[in-house]
Amino acid sequence: MPFTRGRRQADFLLDVDFSIPGSGVTGIFGPSGSGKTTLLRCIAGLQPCTQSHLRVNGETWQSADTGAITLPVHKRPIGYVFQQPSLFPHLTAEGNLAFARKRATQPVRAEDYDEIIQLMDLSGLLDARPESLSGGEQQRVAIARALLVKPQLLLMDEPLAALDLARKRDILPYLERLHQSFDIPILYVSHSVEEIARLADYLLLMEDGRIQQAGAAPALLSRTDFPVQLGDDLGVLLEADVIERDTQWNLLRARFDGGDLWLRDSGEAPGERIRIRVLARDVSLTRTEDTDSSILNRLPMRVVDITADKDPAMVLVRMTPRATPISDNQGFITARVTRRSQDALGLAAGEEVWAQIKSVAIVR
Amino acid sequence: MPFTRGRRQADFLLDVDFSIPGSGVTGIFGPSGSGKTTLLRCIAGLQPCTQSHLRVNGETWQSADTGAITLPVHKRPIGYVFQQPSLFPHLTAEGNLAFARKRATQPVRAEDYDEIIQLMDLSGLLDARPESLSGGEQQRVAIARALLVKPQLLLMDEPLAALDLARKRDILPYLERLHQSFDIPILYVSHSVEEIARLADYLLLMEDGRIQQAGAAPALLSRTDFPVQLGDDLGVLLEADVIERDTQWNLLRARFDGGDLWLRDSGEAPGERIRIRVLARDVSLTRTEDTDSSILNRLPMRVVDITADKDPAMVLVRMTPRATPISDNQGFITARVTRRSQDALGLAAGEEVWAQIKSVAIVR
Amino acid sequence: GEITIAVASNFAAPMRDIAAAFERVSGEHRLRLAFGSSGKLYAQVYHGAPFDAFFSADQDKVNRLIARDLAVSNSRLTYALGQLALWSADSALIDEGPAVLAGDRFRKLAIANPKLAPYGVAAMETLTALEFEQTTRGRRVLGENIAQAFQFVASGNAQLGLIALSQVYRDGKITGGSSWLVPQALYRPIRQDAVILRNISAGPPERVAATKAFWAFLRSPKARSIIESYGYLTNAANPEPPTTSTKEVRDAK
Amino acid sequence: MLSDNDLAAIWLTLKLATTVTLLLMILGTPLAYWLAKTRSWWKGPVSALVTLPLVLPPTVLGFYLLIFMGPQGPLGKLTESLGLGTLPFTFPGLVIASLLYSLPFVVQPIQNAIEAQGQRPAEVAATLRAGPWDSFWHVTLPLAKPGLITAAVLGFAHTVGEFGVILMIGGNIPGVTKVVSIQIYDHVEALEYTQAHWLSAAMLIFSFSVLLALYVLQRRKTAGGWRYGP
Amino acid sequence: MLSDNDLAAIWLTLKLATTVTLLLMILGTPLAYWLAKTRSWWKGPVSALVTLPLVLPPTVLGFYLLIFMGPQGPLGKLTESLGLGTLPFTFPGLVIASLLYSLPFVVQPIQNAIEAQGQRPAEVAATLRAGPWDSFWHVTLPLAKPGLITAAVLGFAHTVGEFGVILMIGGNIPGVTKVVSIQIYDHVEALEYTQAHWLSAAMLIFSFSVLLALYVLQRRKTAGGWRYGP
């Protein structure tokens, strides 16, 4: 799915040229006003994008060549969740859903419909008019509506911003499954690193209408020089394989390039490939192994480099496993410790340390 | 500021009876559709609330007594940030701000104005019409607009949901200062525990139109049986005094009821009272003191009780300092560890442990 | 002084000439002319219109004003006698007088509404007398007034019309098309009466004087020749004895 | 009270006004839609042209229509060459004249209602795979309902009360072109005031009832929500 | 081409239409606001009443106004007792009649524009400490601008083209109540077609220019934004 785009607008110039994988979730991240919404609108065809070229899964939707036709919005098999809910005010919640279902790219089976209703917890709201729904309820209807057109490309503009944590947690796995089972690519705009880390396979970082950085999400999110100020959300994304399931303690053992980690069991079967996130703030360092701690995960590592954090009290310590030094970006672990500890422990590049990892999140 | 309210509406009944402190931030927390917006609207007077009584700072705004007058919306000295930005489409961003400034409860000095513009980073957007602003930009203008009326009560309905992390971080301290220096009470609806923990002195937990729990934020947020599923956001809020500032390492030492903690220096002067948050996930336990770790904060504690977490792999260990056992809710520390570690370390009520605290956040 | 005179629309053109001539002759007096259908003007007079005199297209409205004591009865005068003509814009259509009414060489015959306009009454009397009342029934279209009937014919929408001679007659001859002047015997005279209104008797003396002067001027040969040049007859022996009541005419169905 | 003539006129009036209103909605809605959405250079001139018939006195407009539709007029020549005869004095002629005369009252409210929607509903519809036609029927029109109702009311009422144009090209043929307004006018002109009063009163009461029912109905539909989103 | 009489009529027409439009906007806007906002039982009947003058033929409406304002009518008795004389055949009389006649065309577009805003703008204004009056002037009205322009255009055009009512109530008195529409009508009635054509053409060209300018201006103001929020 390669894109090329470049267009002028009153005072905002979107000038991007990128191609993203034809499946999986592409996260779009960037400060307010950086052009994320504009980008989605261009892809949807809602906005004239002169001098731009757009090809999706081999089909040309738009071309800068003179005389070339542009696929009109309603012919593009997309689903769009707008930043503001935008339900049809003349229809009830159910009417809004039926509107989408009737025009879906392929028939929506009753089970699928029921599942979506269930998931978004809409059963009590179906008869309500949009103006009598709360902000979060509106957004849930809007997400369900976009799913019901059975899109082949899903564009989501901060879809979960208005939702509470519990609902977010219900919906996120569904979105994951969605793109896994139906293999529809999703473009996902969000301000939440957690959501992005969890969902995105690929990441676009935007600033001032330009793509500042693009690449596989794990690599990009693991960089200590990640251009967006992540603070406590800084960490590494690792691919790992489940190798053991401990039903007594509800734990999983997963193996990544740098060793084994114990995780909370969230139902994965041995052999499954998972993605885990180790936040720098969750990693503490010791010079000798401490077997007496409540921390299960202790890995023998070697310090690769130490960089300053945005916070002057802290440093970022990048490490690689002692056993199997790794040269590419994979397998690194980053710890965020105080400068004082760095000094007290005498940490420096090349030193051997034990990394204690307090908690590890499976993001997929 | 005691409230009593009870009113019917088509199919949603808001039935609340509460009073909150006359100053400080009251966080309102609750699932989508639980009546948070409705509650703010009733307080603002935007919605008829029959049989309800509302007194703010000694002044009666609304009364259920027959014949009693109700203060009209425009006479209530409130500022309201709506859940959806709601700028006036016929005015530019600057026009929207001027609208508020002209009608402020007291004159807005040029410096104050410039500060707000600066803070919300609006200087480049002043000439733009609302429809040409991005979602986050609109929300920033809306927040500035609400501040410019110099309200005596600020009602904010998920004001930061559409903003990126960096901007949130800029705005939050300002909101803190706002209520500290001007002593205006703020009612703050949010789905983000981080925001609430940081801002709220008092907390209202809503569900289905009722107040499920209300109380001082530190106490409420420190409870292991907090009714909202907090997950990684579970922890304790502590009041502490800065006692030492270590300029070499950019650290602060703060003393709370249970001992001393090292924190990242964020500019507080010795003697200042701060609020710190210790997340259960950041606390690990050892049986013996481990002086070799990068973790600076180690406290000798005694286990008070151990409760199951919502995650079957985890338990919550509540501890109190060994030296000065504390009976009330203050001074506890909670750790979230695996059941396996509990077993391995032989943790039980009454046992002595060392709590290693990897990171501590000053929330104010 | 300046006086305002309400005039039935069909008499608008001659009245402008008369007014101009009068102003020239009298020097000091001015006329303001307000045109309208007789029925409307009657209602306006009845409801306090500031008119000094009224030129109706018939006698009936004048009678009623006198009966209600809104007009000065002894000022009544028949200022013109209308003549009815069968006319077509097509110069070849009316070749043998009324015979054309018998055939189907026309689709529509325009007349004025007999309920409202005296020319309409005369047209119906003529058709009855010629025994075309039945045969033309489905083809008659009615103008609210005689001017409109003329427009129907002049625009070609109606091929024939029974209209006022004054509408196609200037300075002694028919201005165009083909026509047949309906003999006076086929309809009762179309008497158009004028009267001075009560308003004026209480009014300022210079307006009373102007009205009197105008009334005198109307009887002058100058005025008569203007009226006749527009295809009206004038009756030297004015005033006529008033006909007492509204003429009974069947509606045009 | 009401004569057979009066009743025939009432019947004819209702038939005319209904026909004209229907046609106006059918013709005026696309025109209003085009005017609301277009960025074309023609928008201004077409808008002005639609409003123009308003500034001519109806009788004068009727006069020009009489010429235009007559055997010497361009439209008249056309209809005659098609073997349709000429339009004045016929019911279709009245319908065409009324269309022209009432068009602005129908186009303007619909155009405003569509413009007030903004682009968002159409954008949403397009992302939900509704084509322009689909979107027009199922989103734009339902959302423009208050405007459509106003348009229909103004169009209907204006046609019922229309007089000058019909007077001019109708020829007052009972059952074909003699509508109530002309019937009342005739009564007034003929000084038959009692009959004029009766007929006017009947018209007013009937119209008032219809309008009242319409407004109450319209209101019931839109009432309810006391609030406009969160 | 145009006689002195014609010019006087044109002048009078512009004066009348301007006065009436101004007054209509002043009276119609609060009425429309009330109709848009009220939940009162009276909304339906008042709406119907405002529209009612439309269904009567203008001459007939004029006829009733003549009775109502004449020396025997209730309003006439009142004005006479106040020493003002009676209103028919005077310029103020024309103004009052035209107000009644054109009111629906002004009220409806404004009412629709205000209803289309929903409650949100007024709510926001209230939280920004704008009282009802303040909010009306600085929020509701500016947002209703397209509706206000439509209202003014329809009101002005309708008054310029008004004929039947004026003919009845005004009495066709040169310089006082003889407006262009009546002047053209007179020309037509008097078979002075050339003058009628000239005067009509002048009216049409003038009106077209004014309308065109207005529409182009209105469009320039609202153009620009190609997008409706994020």
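Letters A, B, C, D and E name the chains as they come in the text, with residue numbers starting at 1 for each one.
Just so it is clear, contacts are C-beta pairs under 8 Å (C-beta built on N, C-alpha and C of every residue); 3 or more make two chains touch, one makes a residue touch a chain.
What you see is a predicted model, and the numbers here were worked out from it, not measured in a lab.
*Asks:* Check every other chain and keep only those touching both subunit A and subunit E; list them.
*Replies:* A chain counts here if it touches both subunit A and subunit E, which gives B, D.
*Asks:* Among the chains, which is located farthest from subunit B on the basis of C-alpha centroids?
*Replies:* Farthest chain from subunit B, going by C-alpha centroids: C.
*Asks:* Subunit A to subunit D: how many Å between their CA centres?
*Replies:* 56
*Asks:* Rounded to the nearest whole Å, what is the centre-to-centre distance of subunit C and subunit E, using the mean of the C-alpha atoms as each centre?
*Replies:* 36
*Asks:* Would you kindly tell me how far, in whole Å, the mean C-alpha position of subunit C lies from that of subunit B?
*Replies:* Roughly 92 Å separates the two chain centres.
*Asks:* Could you list which residues of subunit B touch at least two other chains?
*Replies:* Answer for subunit B, listing residues that touch two or more other chains: 10, 37, 46, 82-84, 132-135, 157.
*Asks:* If a residue has to touch 2 or more other chains to count, which residues of subunit D qualify?
*Replies:* 63, 120, 123, 182, 185, 188, 224, 227-230
*Asks:* Going by the touch rule set out above, which residues of subunit C reach two or more other chains?
*Replies:* Within subunit C, residues 40, 43, 148, 151 contact more than one other chain.
*Asks:* Using the touch definition up top, name the residues of subunit E that touch subunit D in the complex.
*Replies:* Against subunit D, the touching part of subunit E is residues 39, 43-45, 47-49, 51-61, 63-64, 104-105, 108-109, 112-113, 115-116, 118-120, 123, 146-147, 150, 153-154, 157-158, 160-164, 180-182, 184-185, 188, 196, 200, 203-204, 207-208, 211-212, 215-216, 219, 222-223, 227-229.
*Asks:* Across the complex, what residues on subunit D touch subunit C?
*Replies:* That would be residues 5, 63, 66-67, 69-73, 76, 85-86, 88-89, 167-169, 171-174, 182, 185-186, 188-191 of subunit D.
*Asks:* For subunit A, which residues are in contact with subunit D within the complex?
*Replies:* 44-46, 72-75, 77-80, 82, 86, 88-91, 99-100, 103-105, 129-135, 138, 145-146, 149
*Asks:* Can you list the residues on subunit E that touch subunit B in the complex?
*Replies:* My answer: residues 120-121, 123-132, 134-135, 138-139, 142-143, 145, 224-225, 227-230.
*Asks:* So in the complex, the part of subunit C that touches subunit D is made up of which residues?
*Replies:* So the residues of subunit C touching subunit D come out as 37, 39-40, 42-43, 61, 64, 107-108, 110, 113, 115-116, 141-144, 148, 151-152, 155-158, 251-253.
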